[in-house]
Structure formats: C-alpha cells, structure tokens
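Across the two complexes that follow, subunit A remains constant while its partner is subunit B and subsequently subunit C.
And now, the complex of A and B:
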C-alpha cells in the first residue's frame, strides 16, 4: 500500500517532465533536426540559462515560492551592461564591471522586494509578479528618461537620437561570448563553454553547501513552518529578506552571463521575458512551488529548451506554418506555470483536508472514550 | 564581534571597488584605425606613404593597406602592440617592424597615420581622435517599444 502511494506521489511530481518528454519525443523526429545540432543547441542554452534558473532555488528553500521578482535582478544586470557599454569597457573586464555595478542595485531592489513580501506572507508569488511590473515602470523611468539627461550617456549608438533615453536594442558585440570562448572544448563538433560551465558548477556547489550553513538551515526551517521557526529563535523576516536579496543578486549576475552569450539585448523587454522562461524551465524540470533542486534546473533546461528548438520546425512539418510552433512554445511556457500553481494549491488543500479529517477522527476517538 | 563584522564588510566593499577600478582601466576598449596616407606636418615635412603596409594586431592581420587605404582593429587596454610589414615599392622587399604605443584612455576611436609614425613624427602628428558622424534620426529610432505587446510609449 505504502509502495503504491509512493509511486502515485512520484507520478504526480514527475507529470510535467514526463509530459514534456512525450512532447519532445513526438516533435524531434518531425523537426528533422540532427542529433548533433540539438546537442549543440542544448549545451549552448544550458550555459546561457542555468545560472539564472539557479537563482530561483534559494527563495523556494525559504518557502517564498517562485521568485517572479528575479526580474529586478535582471534589470540591475541590464543597467550594469548599459553603463559598461557606454564607458566602452569590453570583454571579460566589461562583464566583471557590469556584475559589480549590478550587485548594489540588486541588493537594494532585493531588500525592497523582501520587505514588501514580508508584508504579504502567503501571497509572495502574486505580489512579486505584480511588483516586477511596478519595478519595470521604475526601470523605464530610469532608462528612458534619466539616462542621457541625469545619468551621463555619451555614445549615440546607445542613446536615442532625441538626446536622452536608451535605444530599443543595446549591442554587446564587444563582449559577445567572451566568457564562452575563454576556454571552449570541442567534442564531436559540439562546443562546450568550459569556463561558463565551471562557474555554473561552482554555483551548484555553493547552493549545496549553503543548504548546510546556519543561514541555509534557518531558511529551510522558515520554509517548513514560519511559526515554529520563530519559536526556535530564528529571525523569520530577516531570513526571508536575505533569501530574496541573494536570489536578486544571483539573477543580476545570471542575466549578464545570459546576455554575453546573445550579444545584444532588448532594453525594455528582456528582463520580463527571462523571468517567465526561467520559472517555466524550472517547473518543467520537475520542481514545485515549495521544492526544487539543482537536478530540476538541468532537467528543466534540457526539456524546456529542447521543446523551444524543435517546436517551430515541428509546427512547420505538421501545419506548414512555423508560427504555430512559435505560438505553441509561448503558450506552453505560461501553461506549465499555471499547471504547477494549480497542482501546488490542490496539494495544499488536500493536505489541509487530510489534516482536518485526522483531527476529526482523533476528536471522535476521544469522545468515544 | 560586531566590529569584526563591520571590518569584513568594509574590506569586501573595498576589494570590490578595487576590482571595479582595475577592470575600468584594463578593459577600456579602443578602435584603432590605420591610415596609409601621405601626411604633411605643421612644419611642412611631408611623409610619403609606402606602396603597401600589412598590419598585424594580436597575431591577426588587420588589413593590407595600399597607398590611401584605411584599416581598423579593436583592442583592449592602453598598451597597444602591432607588427607592420612594409613594402616600399611594388615588387619590392618586405621589411617588418614591431611598434608599441600607449593609447590615450579618453579616446574611443584613434587614427594612426602610419607614414608619419614610421617617419618619426611626434605623437600629436601621427595620432588623432576618430569622431564618427552621428547617425541621422529616423521616425523608427524614436519609437520606443516598452513591452512584448509592441505598444509604443512615445506615440
């Protein structure tokens, strides 16, 4: 009986990855893409996205769910890159400088986000989601009106012709794939960006180590039960704020790693897109709102991006229109987040109802005595 | 204990600021333009350009410059080294020379007049700033797209 329950629980947890495996297994042959091309693309996207998705793990550990506020960190990373591009600091030094600039901005935004989320306990995800829209407005105010007028921007290839504000697209050609090309290793034609992968591996080790530190254990305790953690002497509010700050800082650094791979970015939309896709990828990897691991990150990147790569081609093969595949991959991103949130709420209600029934049984037993 | 914490935090900030300053210096990018054009200095000295100069920067060819040609290369930092393979006359023998220069930090684009440089002219003669022409403003340039639903803000 116990074994059957465990299998059922596993099936529930693995339903999203299994669904994606089936979609990919169906779409890969239809797409007609070669295995070497697919592996190359997956390796590239792994290096590009993994760090960003890893930044989501710590708030989940602290019971704050999926941090839609990671877009705040992404904005900080973008501000760093805009300034560095204008100062003409190129290559790896440009990336490092952009990261250093993004850290204090991320800390401030994370502090602000954490404080707000402490006022909305139990509704962290929707609050952080709406807050990301609010902060996008603030970001637009800074980038569109303050840069060039108050914050000096010299170069006309970044600045709008009217004299202030940043153009729709910022070119990062001077640092494009500099990190990836620092030590590339080619295996059967597949390029492996070793330095990027080493950084990601180090980040994974840091997360595993962090779970065992005092702060990490405090976060896990807060994530399990805030009241019990408070009774145990843990400063719950501070711990929650710290988890959001760490996540925001990592998201800022992750965004810079992501954008150096692409070589340019859409100034006003990149951050909102990346937040949605990072969260969707983590959920596709089998994570839930209250439980996520490093393994979920990598499985998520593989499955989600495999679907991203093959869907347009498969759409073309089935319907003759590649746009169907494009629509498919966008709606699947939103659908998977919706499914994960429904599953989380259902499980929470089921657990509550089971707990209620257990208490009722105990009460009946006591009354019978 | 508290003062130790403050010291560690201040040290961390100082290290980060130090790294940022270092990156600021070593990461400064420049675009260097090489002109193989005859040059007449302020005192009337004429530096004639050779038939061809091949420029190598970082081991890669930045162009074979015939008389009147311009080549370019991107570089990082202020220490600049290039190798020049010079052919004085058509069919003549190539001679090679390595040249190290200190690039000015404040210039994004730098024009080097190679005949003046090879002729021993002072720095202010062979080196000048490249100022790109500002791109013409278009309607499209001014339309800023601020969300995925392509809703222009500045309409």
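And now, the complex of A and C:
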C-alpha cells in the first residue's frame, strides 16, 4: 500500500520531465540539428543559466515558493555591470567589481522584498511576482533618469544622446566570455568553460552544505510549519528575510555570469525574462513549489533549453512558419509553470483534507472509548 | 489640555487616512495637483478632461469585471486575459463573417459569449480545485492562454482581407483597424460636443447599464450569497449555499465581462490588438479597482468608478503636464510604480475573515 503511494507520488513528480523528454525526442529529429551542435549549445547554456537557477533553491527551502523576486537581484547585477563598463574596468577584474557592487544593492533589495513578503504570508509568490514588476519601474527611474544626471556616467557610448539615461543595449565586449575562456577544455569539439563550471559546482556544494547549517535547518523548519518553528524559538521573520536576501544576492551574481557569456544586454528588458525562464527550467527539471534539489536544476537546464533550441526549427519544419515555434516555446514555458502551480495547490489541499480526516478518525476513536 | 486635543485630532485624522487608504489619498492629491497645474503649463483643460472621460469609458467595463470574483472570495482576477481572448475571438469572427457597422459590435458580443461561458466555466472549475492559490494560478492561466492563442491567431483559417497579412494571405495581423466596423459605435451615440470638450455618452451609458446590472445582481438572492461566500465560506456553507457553484458563477461572470470589456475598449480605441497585447491587460484593471478603494476581498461599483477615473486620469495627465513642465516624460515610470505599488499595498493588507 505504502509502496504504491510512493510510486504514485514519484510519477506525479516525474511527469513534467517525462513530458519534456517526449517533446524533445519528437522535435530533435524534425529540427535537423546535429547532435554535436546540440551538445555544444547545451553546455554553453548550462554555464550561462545554472547559477541563476541555483539562486531559487533557498527560498523554496524556507517554504516561500518560487522567488519571482529574483529579478531584483538581476537588476542589481545589471547596475553593477553598467557602472563597471562606464569606469572601463575590463575582463575578470571588471566582473568581480560588478559583483562587489551588486551585493550591497541586492542585500538592500532583498531586505525590502523579504519585509514585504512577511506582510503577505500565504501569498508570497504573487507578491514577489508583483514586486518584480514594481522594481522594474524603480529600476527604470534609476537607470533611465538618474544615471548621467545624478549618478555620474562619463562615457557617451553607453549614455543616451540626450545627456542622461543609459542606452537600450549595453555592450560588454570587454568582458565577453572572459570567465568562460579562462580555462576552456575541448572534448570532441565541445568547448567546456571549466572555470564557470567549477564556480557552479562550488555553489552546489555550498547549497548542500547550507542545508545542514543551523540557519539551513531553521529555514527548513520554517518551511514545514511556521507556527511550530516559532514555538521552537526560531525567529521566523528573520529567517525568511535572510532566505530572500541570499537568493537575491545569488541572483545578482548569477546575472553577471549570465551576461558575461552573452556579451551584451538589453538594459530595460533582459532582467524581466530571466525570472520566468529560470523558474520554468527549474520546474521542468522536476522541482515543485515546495521541494527542489540541485539535481532538478541540471536536469531542468538540459531539458528546457533543448526544447528551446529545437522548438523553432521543428515548428518551421512542420508548419513552414518560424513564428509558430517561437510562440510554442513561450507557451510551453508558461504552461509548465501553470501546471506546476496547479499540482502544488491540489496536493496541498489533498494533504489538508487528509489531515482533517485523520483528526476526525482520532476524535471518533476517543469518543468510542 | 491643548496637547490632548491635538492628539485627539491627530487620532481622528489617522482614522480618516486609514479608512480612505493612504495610497488613494496620495493619488487623489496628485491628480488634483495635475489638474490645477495643467492650465498654467499650457495644457488645454477641456481636452484633458475629454481624454480622461474617454479613457474612463474605454476601460470601465474591464475594471467592472473584477467585481464578481472579488465578491466571491476568488481574489483579484489576474486571469483577465482569458476573458479578453473570448472577446477577441468574438471580434475577429464577427468581422470574418462579414458583419459591418454597429451590427458587427452586437454580433461580436453574441459570438464572444459562448466562448466566455465555456472558457470561464473551465477556469472556474480549475479555481475551485485550488482554493487559496487563486491569484498566482490565475496569472499563469492568463499567460498560458495568451501565448497559446498567439499560435492560434497564426493557424486558424481566417480569410477576411482586412484582417490577414496581405502578403501571405493567412495569419491575423497584430493590429486590425476597426474603420467601417464598430469603431466608435457606442461613443457616437448621443455624443456631446462643446468646443474641445467631448463626452462619449453612448459608451458611458453602456457602462452604466452593465454597472447597474452588476449592482442589481449583487442585491439578488444569488448576489448576496456570493458576498457571503466571499466574506465567510464556512458560514455560507452552513447556510446551505453551494460554495463551489457560486464561485464558478462569479468566474464565468468575470470572464464574460472581460470579453465585453475588451470589445468596448476596442470600439473606443479603434483597433483590435492581437498576439501579446492582452498579456499585461489584467494589471491596469487590477490596480484601477484597488486605487478605487477595493481590497483583495471587497469591491463595490463606486470603487470601480472612482478607481478608473483616478487611474486613467493619472495616466493621461502625467505625460502632458510633465512634458510641458520639465520636458521630460516620466509617465511610464510613474505608471508602473504607482500601479504595481498599489497592488503590492493591497496584497500586504491583512484580509478580514481569512481563508
């Protein structure tokens, strides 16, 4: 009986990754892309995205769901990069400096976000989601109006011609793939950016280690049951704020790693999609709103980005219209998040009613005595 | 003693601010300031007022669509795009079938209705399965349906030459002009024009009709049951109300109103916008009703009217006034910060009753 139940829950957990494997298996031959090209792309995207997705794990541990507010960290990272490219500090030192600048901004934003989320317990996700929109407005205010007029920006190549505000795209040519090319290893023509991968691996170890620390244990306790955790003497509010701060800081660093690979970024839009793609990838990897592991991150990157690469080509092959594939992958990203959210909420309700039934049974037993 | 008095007065003031809501107070003050400043910076006041009224008439019904779901405790309808899609299907099919002029508007509503009923029922059924997490899932149901329809607009066999891409002869355009169809049909009905000041009477009457219908509905037996479900589901269930059925009804109503709302919006705006356009249409409507003083589980018709006027007023006034004043258009930033800030404010309020 118990085994059957475990198998059932495994099947629901694995259903999303399985569905994606089927989609990919169907689309890869249609797309006509060569395996070596695909592997190359996946490895690149792994280095690009994995760190960003890792930043989502800690709030999930603290029971705060998917942190749509990771966009805040991404903005902090972008501000760091804008300043560094104005100061013309190039290569790895530039990246490190951008990270150093981003951290205090991320901490402040994370603190703010965490405080707001504590006021909206039980609807953290929608609140963090609206938060990301709200902060986009504030980010625009800072970057489009204050940079150049209040915050000094010297170089006209990133400034708008009107004298203040940053151009729509910021070129990061001076630090493009500097981290990836620090120690590239070629295996059968597949370039592996070793340094990026080592950083990601270290981050994974840190997260696994973090689960065992006092703070990590506290977070898990808070995630399980806030009231019980409070009775056990854990400062619930503080723990939750900390989890958001850590996530925001990691997202900021992740964004810088992501952008150094791309080599330029759209100043006003690139952060807005990051949250959605990172969350969708994590969910595709088999994570749920209340449970996610390092393994989900990597499986997610592989499956989600495989779909991302092959869908437009496959769509063109089937319908002769490239736009269909483009829309298809956007649709799939949203649909995956929708399905994961629905599964989470129904499971939560089922557990609640099961708990209710158990209590009722116990009460009946008591009465029978 | 004097000190005591001021403290008392302070208490009174705080109470008033609390009941009116600090953000709403600020926005009202801001709009009033804009209206006072406008003539001095060279913006024509009648034109400004015309713009505000016109924008109100376009958006009123979309904001009204929020009311039923808030009443039944489903929260703010972030899934508004689903209803909008029903409306868009109605609009495009009405044109495809060759209706023109005012008739095309009536037919668009008629064709949109079955879509709204079916999609709304499915959506309502889903929301009944996931009580407590409605808002987040509603958001993503909206997003998924919009991106799904992006593919459909390309694939569905539309042929009307006014709507499809001229070159390939298939796939709908991103914007479709309503010239010759139902552009301004409501607005032109009994339109009042005094110099620069124009009132689209017909649209306002149409909104008033729907708003009155909503008000009347909320005072029927089913309507009061809906309010009861929203404020205290356990009590409502004990009183013999079928909670799930009432919630489903509220979602269907909201979806249908959204469908009609987008058609009213289009007749004012003059264009049908397809593909990603409905994507973020829920947020302005949500923030408008919140600015009007609604909360996550409480909304009334006055909230809709006040909120839409304040929000749309702010939206139309800021660009002109600020441009004339400091030659700097910050309206986009103000719009985003105010509207999202308002939603954040509402989400962090503790809701009475609770779930």
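Here, the second predicted complex is superposed on the first by the 369 of 369 C-alpha atoms of A that agree within 3 Å, B and C clash if a C-alpha of one lies under 4 Å from a C-alpha of the other, contacts with A are read in each partner's own complex, and residues count from 1 in each chain.
As a convention for this text, a contact is a pair of C-beta atoms (placed from the backbone, for glycine too) under 8 Å apart; a residue touches a chain by one contact, two chains touch by 3 or more.
Just so you know, these numbers come straight off a predicted model, no measurement behind them.
Once subunit A is used to superpose the two complexes, subunit B occupies space next to subunit C without a clash. In the superposition on chain A, A:100 contacts subunit B only, with no contact to subunit C. Panel annotation: after superposition on the shared chain A, the angle at the CA centre of subunit A between subunit B and subunit C (CA centres) reads 110 degrees, nearest 10.
Counting residues of subunit A touched by each partner, subunit B versus subunit C, the larger count belongs to C.
Once the two complexes are overlaid on the shared chain, A:341 sits against subunit C while remaining clear of subunit B. When the shared chain is aligned, subunit B comes close enough to touch A:268, but subunit C does not.
Of the two partner chains placed around the shared chain by superposition, subunit B and subunit C are both touched by A:140. In the superposed model, A:156 makes contact with subunit B only, not with subunit C. Legend: residue contacts after superposition of the two complexes on their common chain; A:87 is shown touching subunit B, with no touch to subunit C.
Of the two partner chains placed by the overlay, only subunit C lies in contact with A:125; subunit B stays clear of it.
Taking the two complexes aligned on chain A, the least Cα distance separating subunit B from subunit C is 5 Å. Residues 140, 144 of subunit A lie in contact with subunit B in one complex and with subunit C in the other. On the subunit C side of its complex with subunit A, the touching residues are 78, 126, 129-133, 135-137, 139-141, 143-144, 147-148, 150-151, 154-155, 171, 283, 328, 330, 332-333, 335-337, 340-341, 343-344, 347-348, 355. In the complex of the two chains, the subunit A residues touching subunit B come out as 87-94, 96-97, 100-101, 103, 140, 144, 155-157, 160-162, 165, 167-168, 174, 266, 268-269, 272-273. Of all residues in subunit B, only 16, 19-20, 22-24, 26-30, 74, 76, 108, 132, 134-138, 141-142, 144-148, 153 touch subunit A in the complex they form. Of all the residues in subunit A, the ones that touch subunit C in their complex are 116, 119-120, 122-123, 125-127, 129-131, 133-134, 136-138, 140-141, 144-145, 319, 321, 323-324, 327-328, 330-331, 334-335, 337-338, 341-342, 344-346, 348-349.
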